[in-house]
Structure formats: C-alpha cells, structure tokens
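Data block below; observations after.
Residue numbering begins at 1 within each chain, and the chains themselves are lettered A, B and C in the order written.
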Amino acid sequence: MYEYIVEMRNITKRFPGIVANDNITIQIKKGEIYAILGENGAGKSTLMSILFGMYEPDEGEIWIRGEKVKILSPNHAAKLNIGMVHQHFKLVSNYTVTENIILGVEPIKKLFGIIPYVDIKGANEKVAELSKKYGLKVDPTQKIEDMDVSLQQRVEILKMLYREAEILIFDEPTALLTPQETDYLLKIIEELRNGGKTIILISHKLEEIKRVADRCAILRKGKLIDVLDVKTASTKTMANLMVGREVSLEIEKKPAKFGDVVLEVENLSVRNQDNVEVVKNVSFKIHSGEIFAIAGVAGNGQVELADAIAGLTEISNGTIKLNGEDISHYTVRERTIKGISYIPEDRQTYGLILDFTLAENLALKDYYKEPFCQKGKLNKDVINEYGRKLIEKYDIRSSLGVNTKVRQMSGGNQQKAIVAREIELDSPLMIFVQPTRGLDVGAIENIQKMIVEERDKGKAILLVSLELDEIMNIADTIAIIYNGEILKVAPKEELTVEEVGEYMMGVTA
Amino acid sequence: MLDTIIIDGLSFALPLFIMAIGGIYCERSGITNLAIEGLQGFGAFFGALWIVIISSFFNIPINKLFYLALLLSMVGGMLFSIIHALLCIKFKANQVISGVVINILSTALTTFLTTQINSLVFGELSDKFQIGTSVRFSVPLLSEIPVLGAIFKNLYPFEIVIIVIAIIAAYVLNKTRFGLRLRACGDNPHSVDAAGVDVYKVQFKAVLVSGALSGLGGISFAYSISTNFSPAIYMGYGYLAIAALIFGNWNILPTFGACLLFGFARSGGYALAQILKMPSTFSDLIMILPYVVTLLLLIFFSKTNRAPRALGEIYDKGKR
Amino acid sequence: MSEKTINKKKENTFIRIILKLVGNEKWQHITIPILLILLSFIAASIIILILGKNPLMAIYNLFQGAGIFPKPSYAAHKSMLTDFLSLLNYMTPMIFASLAVAIALKGGLFNIGVSGQMLLAGFIATITIGYSNLNWGLAKPLVLIVGMVAGGILGGLIGFLKYKFNINEVVSSIMFNYIVEYVLSFFIHSYYIDPVSRQSRYISDASRLTLVNVELFGLKMDISIGFIIAIILAVVLKRFFDKSRVGFEIKAVGANPKGAKYAGINVGKTIILTMTLSGVFAGLAGVTYYLGYFASIQPKTLASVGFDGVAVALLGNTNPYGIIASSFLISIIDRGSNYMNSMAGVRKEIASVITGMILLFSACNAYIQHKIRMKKDKLEHVAGKEHEE
C-alpha cells in the first residue's frame, strides 16, 4: 500500500525567461483535500498542468499510487484517473453538455454493423445518470452558450467524473461564482471527498481554503515555501507566507464626501450583435468623490454597460449625461475629450496595441493633440519624453524603456501602463473594469490605493468587478446587475455580503 | 430552354459545391482557406497530367480514363494542400497569406510544368492538356418527368460522384467522432487539446480533405467547361466556393443552396443572351453574372454570418 | 569527450554561424530576406538541374537579360545600358503595385485586386487622355491624375464594402478583378479594338509615360518617367508611415482594430482610407503599365504584376525601401527569363516559379524569426550551463 496517492518530487519547469516551478516537492494523501495557495504567477497552475499532462517537467519525478510515471498527455492523466477543472473553461460553446463531456471519449455505435456514428442518445442517458448520482443537475441536451457560468462549471466537473477520475484538480473554481454558488460548490467538493475522491484545490482565496482544505502548500515565485495544517494555521500566517511580507488585507479609506453628479445614466438599453438586449433600462447617478461599484456574476451585462458609457458600443435606448451634457451619441474620442477614462477588462485586446512601443501606447489617447502632433506630423521626441515621465511616476518595468514593444512586457506592467495613461488624463469620470484581475497582491494593493486616491481628488469612479471582496473593500455605493438589469443600488454600509450575493443570483425579494 | 438552364446550372453548381464542402471542412477546423482556387487548379493539373501520360504511353483512349482523372485530381489537390497545412499549422503563418501564396504558386507551377512537360515529353508547344470529352447520360424514366426531369438529363458522371461524396462528407462531419472533434477545433481548440485529442492532427486532416475535394471540383470544371486543362482553369470559381460557404454559414445544406444559385444565375444569363439574340461580344458581359451575384450575396449575408469562433486562430499549445 | 558530445558541438557551431549571420534582430529585416532569396534560387537551381541544364549559367543568363551583366553581343543601337533602362521601365509598375499591397497590409487588409484596379485605371486613362489630342504637358500629368482617381475609387469601394458589410476584401477584390476584366473586354471589343493587334488601339505618344526609343549617345533607349515618380513616392510613403498621424492610425487599425477603436480612432473611415490609398497606388501601377511600359490594353488578361506585387510586398516586409530592392530583384527574374530561355533553353515560366517560391518562403518569415529567437535562447542557456560546469 502506498502512503501518498500523488507525489511530485523535485519538479522544475522553465519557460523562456522564467522558472515557473523551482524544485517543488509535494505529497498528497488519498482522500484529503489538499490546497495549493499562491499569488498569481506563483506557479500553481503550471504545477498542476504538469500533473494533468499538459506539460512535461524539465526535472523531477511524478509518483502516482506508489508507482513512478511519466504523464505525457491529458489522455494519459485520465488513464491514471486524474481530472482537472480549469480556470478558463475548456468548453465548446455551440455544443451540448453531452457533446462536451464525451469529446475525446465518444461512444461509438455502428449502423448496419459497419457505418460508425457517435451514440449521442446513449451518452445523453449516461450523463443524466451521472448528474443525478453526484447531485450536479444539468440538462444533457442544453447548449453551453445558453448556460450560465456555474452551470458550465458543473459540466467541467462532470467531464472529470465521466472519465472516472479519482484525483480531482480544481483550478481557482470560485473565481466567477457568487457567494451562494461558492457555498454550493464547496459542499460538492466535500461530498466528493467523502465519496472517496482526492481533491487538489488551487486557490488564492484564504477563506475557502480555511473552510474545506486539510492541508495547504504555499508557493511563492515558483518555490515551495511551506506546507501547513489548515486547521491550526491562521489566515494571516498563510497570507504572509504567500506574499513574503506583512500584508494588510484592508484598504484604509476616508469617509465619503460626495459632490455634484458627474455621470447620469437614464433608461439605458444596449443590444448585442444578435440584437438581444443585454442592458435593460438601467438608471443610476455617480457623484464626484464616489466609488460606484457594479457587482454581478460575469456575463450579466456589466461589461456591455461600461463599454456603452465609454462609447465603444451603440446604445439602443436612453441617455448618458456627463456633467449635464448629453453624450449618448458621441464618438469614443469625443467622450475621452469631454472627460472619460476607461480601463477595459481585456487589456491586451482593447487597452493596448501590443505591436506598438510603450511610448506609443502611453500616448494612445493624446497623440493627435498638440504638442504630440503638429500639422499632421507626430513629434517623436514629445511622445518619448511623455513616456519616460510616466514610466518613472508609475514604476512601469520594461526591458527597453519607451521603445519596448508592449507585447514583451509582463501582464502586471501592461496593466500599470494602461492605468498610468488613463489616470494622467485627469478625467472627471473614470471607469475601471476588472482592474486587478491576474495581478499579484502587491500590485492589487497599489491599484486599489490609486483608485481611492483618485476618488479623494474628487473623481467619479465607476468600478466593475467580479471580485466581491474587492467591491466590499473599496466601494462607497454598490449596484448589483443581473440579466442586464440593476436590481439594487445602495450605500455599501447598508448591504451585507450575503445580500449582495443573493441579488447577484437574481433574488429580489 | 428551361432544360438547358437546369442541366448547365447543375453541372456548374455541383463542382462548386464539392469545393465548398472542402472549404467547410477546413474552416470549421479553425483554418482559414482562401486557397481553394489554387488547390482546384493543381488538382485538375495533376489528374490531367497523369491521364495524358498514361493514355499516350499505354495507348488507352483518353476517354476511358475519366474516373482515373477524378481520382488523381483528388490526390493532386491533397498533395498540394500539404503546403497550406504545413504553413498554417507547423509554421504558424498568417492563414490568409498562406492561401494567397498557394493560389499564386499553383498558377505559376502548373503553367510552367504544363508547357515544360508538353515540350519535353510530347514535343509540343502547348500550355494545355487535352483530356477528351466526357460521356453524358440521362437516367431512364426519371428524365422523362416534365420540367424537373431535366435534373436527370445529360448528366456528367462526375455529378453523381460529387453527390455521393457530398453525402458521405456531410455524414462524416455531423455524425462521426472525427467530425465532432473537427468542429470542436474550430470553436475552442483548447477544449479539444484538454480532452487529449491532437488538434494539429485533426486540422491537418481537415486541410487535406479540402485539398482533395477542391481537386475533384477542378477536374470537373475542366471536363465540363473546356475539355482540356489549361491556365484558363483559374476562373475565380474557387472564390465563388468561399462566398457560397460564407453564405451557407459554414453548413453544408445552405451552402448547396448558394451553389445552386450561382449555377442557375450563370446558365440563366447565357440563356437570356441567346433569347435576346445578343452579339457574341455580349458574352463577356454575361460572364460577370456569377461574380456579381457573389458580391450581392455577400452584401446581404456577410453581416449576419457566424463564422467558427476560432477561425483563423493560430493554435498554440503553449498559451493558456 | 564522447562522440555524442563532439557531434553536438559540431552541430552547435554550425547553428552558431547561421545565428551570427541572421541572429541580430536589428538587421533581420535585411538578412532574412536575403536568406530566403538564396533558398529560392537554390530550389530553382535544383529544378534547372533536373531539367538537364546548368543552373549557374542559366542564372548568369538571367542577369544578362536584365541588363546587370553584359551580353556577348547587342542588336543595333542597344547596349547593357538600354537593357538596364528597359529593366527600370518594367520595374516601375511593379514598385507601384507592391506599394499598393504594402499600404493595405499595413492597415491589416489584403488588396489582392491590384490587377483589376490597374486595368480600370489604365482603361479610363486610355479612353479619356490616351485617345485625346492633348500635348504632353497636359496629357502626362492628367494620365497620372486619372489613374489615381480611378484606382482610388475602386479601392475605396472595396474598403467600403468591408466596413459596411463586413465583406472579406480578398473575395470582393477578386470578384472585381473578374468583373472589370470582362466588362472592359466588352467595351474594348465593341468600341476601341484594333483589328490587327487584337488589343485596344494605341494611345498617343504624348500621353505615354515612358519615352520610347529616345536617341541618345547613338543608342535607342526607353526612359520611364514613371520610375522617378515611383522612387519619390516610395520615399514619401516611408515618411508618411513613420511620422504622420494618419499613418499612425492606419498602422494602429492594422495591428489591432479593437484597440484602435478604444483609442478613439474611427476604424471604418481608416479602412476606407487605407484601401483608397492602396487603390491610388494601384492606379499608378496601371497607368505606368498600360500607358507606359505598354501602349495598349490586351483584353481578357489581368496583369501578373498585380500578383507579383504581393510577393514583393511580403519579401520587402512592407517597407518601401525593401520593396524597391525586392522589385529590383523580381524584375530581374521576370525580364531576364526571356534571354535565359533563348540562351540556356530554360523555359521562361520558371521565372514565375522562382517568384512563387520566394513568396512561399516569405510567408514563413515570422516562423523563421521565432525559430531563430528560440534557438538563440536555447544556446545561451546551454552556454550558461557549460559555463557553470
């Protein structure tokens, strides 16, 4: 009998320019819930991707159930009964639940004994059975694109169970869930463990780890720092080990002092490409000196709302007023000039032009104005000088300074560049969508501090975030969006996390 | 008159259709395919070349090598499509550029080789391969039906071959395991990879299929439009096939409808010119009908098209 | 050292030499194209060898035909100089066509319809100015202007269709190629045909952009005015993309249309502008081709220059100076192939095969750069380890 069901010994994995895993050894017992804690970029996902067969380690060994193995592919991992629910779901949007689950292990039947075809009917039945057995309710014939995030996650879990996984890896599973859905998921994880499965939980959320995990390995910058017994360790200890220094998990904020109304949105509706209304009749006001946060599960229209206010999409109905002026049909540039800064959700697609230099990107919203541009000609010296100024002020790291191609910069520094540019615009209205996604704790702290600073300077801030913790931390006013509608607007003090969670799920009573 | 429109329309629509199906296979696996024009040309060249050589060296009348020509054209198209597959999958080139490169290369290569081989092997100064006329037959009984019977009249054998292959292709794409995985690659290759299937292999096979089917379309055009292989094989019909599949939203049945539309527009135009007794210079104007119809179709249908989500994406295993 | 290590060291040195030549990223935009051209010539030489001819001789003949190396003898009033000037004459439409493709590429678009735009521009300039009685002071500039307008309108239309209806510009420009080809063939046959040559009637000398058979120094030479204009415009275009605001916006849309929109750039207007500008240059290619290099239009053919322009633009990495150099090379291949045919017996169609292969290798440019970078990283890593040992 083996002592550990999974052992990863001295695992090292290198990518160009970085050592993602540096001589890591972890040992996991059968039937335990083993957490892997670390900041973004600490190496947790890489380590588990190796276990799941998506990468091969440069050095080190893997032992499963007491036997040394080389895991060369996800198929191989599946044969060893290892399954993984990824952070970014790997689902085919226009396929049904069943089609997604059987992809790669399709049951085949033969017409007239010779012509093969995929036995969808039989698979549907099997999926229904499985769904009942584990309490993961899904409709096998529903298409993924018609399902919300928590349902899609159930499909990912069922994928593992269909392949008879015994060792289940969950990569940041609660990132996109409401508090209630998180509860539900953690219960399912505990039940799976009680049914004999071994669970590996990758997370940076200390509360959840405290709730369900038995032991916790802490990674920092590719190295294993320590393995703690979760029952006896405090969240403070875990946080400090994760970051490497003392962390304060709360931001200090002066009490709110609202000024005049800066942004007024009335009866705003937005339709998407398929002419479906994704923002329905939304109205609210934001004052200067106010952080107005919109909470909601991903895909409920918050991004489309932010895009519409910034001018990136057309509105189908309603008005947007900035400092009293109706900007509802202004172009993006007109709105920027009138006073809107926008830090978008997808920083690589919208916020930056990756093939341009850092200087060009920092001047992206100013290049057409004097002194950057004179009589149709760009002044490279002015652009570079401005770039250098921002690099220093905001501590943006890059290999070649202003001439670096932004594509070569790290995600964190790319975000710093975008934030720098938008803050320098000194706009009365600043829109932040998911500003701290994918950043490490230090960078998160910095950006949240900057947002509060701008608010103290009298800016009106619209914050769209999927991290409820972040919203509860820095918001003055909270609005919850569900299915394109704003269900509730209230000062933060009047709402509890549970209430916000309920609104996020559409509970209005 | 109506008969001719239907007969000629079908014989134009079907080769177009089989090329479009090839395009659907390729694009639904995630690889943009603008190379159909070059692939059909090279396929036709390959088929024509070998039957001309075999006919001459083994003294077989070239008419009897019809089915061999069809087969070899598919092989030729498949071989040439390996270039597109390598460029797009292994060398991760821009797929639009790769497609255009294939088209230009095909024109250059086939013209060069045709003239070269004609002079070296046959001692002739010609840029054509004469492949002989094809037989045409009518289905008994069915072809007697008024109006619709024309569908079964004066058929080229390749039309039957195309219909059979089209049915098989539709079945494979929609009902088999291979088709399921292929269509998944065009939506989310990461999910296919995580399921343990080799995305590159699937895409490679999809490109090869499109090469084979394009070659079949090419030789069919050679038989029906000109009875020879020459540089005139590059009439832009490969691009019509692309327009058809865009119009058909990357699904086989609606694409068939688009191809029929092209076919009848063309044959209808010719019939119109005859009825109105226009002088021969006007035949040039009639020739533009398929292209104009393409533009019009694209104008009305490009906005609402739903391309495969990951079409044109260069799938990189390393990125997450 | 074991044999395996020795072989590894040999392989590493070989790779190191190649990397030394092409590794420097600053010079890669020159060194890699040179490498690609060499590869293409090597591939072509293999084909020539298979055909039983001497490839070195054939390639030498190629350069002789183009006026780069001297021929053993010349016809009356002809010399290497006249051959070279003919080369420049041939090269002019190619420079314009390649610039047209390059402009579109910079904007993220693929203008494969240059041939059709050339034809339209050439035709309209022919029937308006070419058949008129204007003297050269008026005719020549007007030819240029008409060409630019005609090409620009067709290019702009393609851009408009892309912006308004999301029509793939490759498909639409090919459609226009054929539509223009057939419609103009109809008009030429109906109204402008020269029954003897089966082409459109010759244009007036005054309107022609190439001065033909000019007698100088006892030689008869063709002087292309268009060539000088092409070089000047190439330089202007380089400055346009490097320094101007509009050039910046075109590049932004080409690099990332969503990011460009976010930056406040009007993407639709920019797309139409890019294609119009591309069409303008295609129009210039057309008039220097049909009212310069040639003096008439052959109906029912599309100039291959329009497609070779794609090869040149890719080889020259969409850089106007690179394009001048690449046009030079490809023109040599095209022009010299006739002489190579008559001297070495190698079919002239091989010119298009060589061009096709250059195009093929150019398409792998990005991959080659990537592979070089990976090899460099690996070697540095290995070198670092060796250092540690």
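We take it that a residue touches a chain if its C-beta (ideal position, glycine included) is under 8 Å from a C-beta of that chain, and two chains touch if they have at least 3 such contacts.
What you see is a predicted model, and the numbers here were worked out from it, not measured in a lab.
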Common contacts of chain A and chain C, by label, are B
Report which interface contains more C-beta contacts, comparing A-B against B-C. B-C
With chain centres taken as the means of their Cα atoms, state the distance from chain A to chain C in Å. 46
Euclidean distance of C-alpha centroids - chain A vs chain B, Å: 44
How many angstrom lie between the CA centroids of chain B and chain C, rounded to a whole number? 29
Within the complex, which stretch of chain B touches chain A? 171, 175-177, 180-181, 183-184, 187-188, 190-197, 309, 318, 320
Per the touch rule above, chain A residues touching chain C in the complex are 16, 312, 331-333, 336, 342, 344, 349-356, 360, 364-365, 367-368, 373, 376-378, 380
Contact set on chain C toward chain A in their complex: 243-246, 248, 251-252, 255-256, 258-266, 374, 377
In the complex, go through chain A and note every residue touching chain B. 15, 45, 49, 53-54, 73-76, 78, 84, 86, 88, 90-95, 99-100, 103-106, 108, 115-118
As the complex stands, chain C meets chain B at residues 51, 110, 112, 161, 165-168, 170-172, 174-179, 182-183, 185-186, 189-190, 300, 307, 310-311, 314, 347, 349-350, 352-353, 355-357, 359-360, 363-364, 366-367, 370
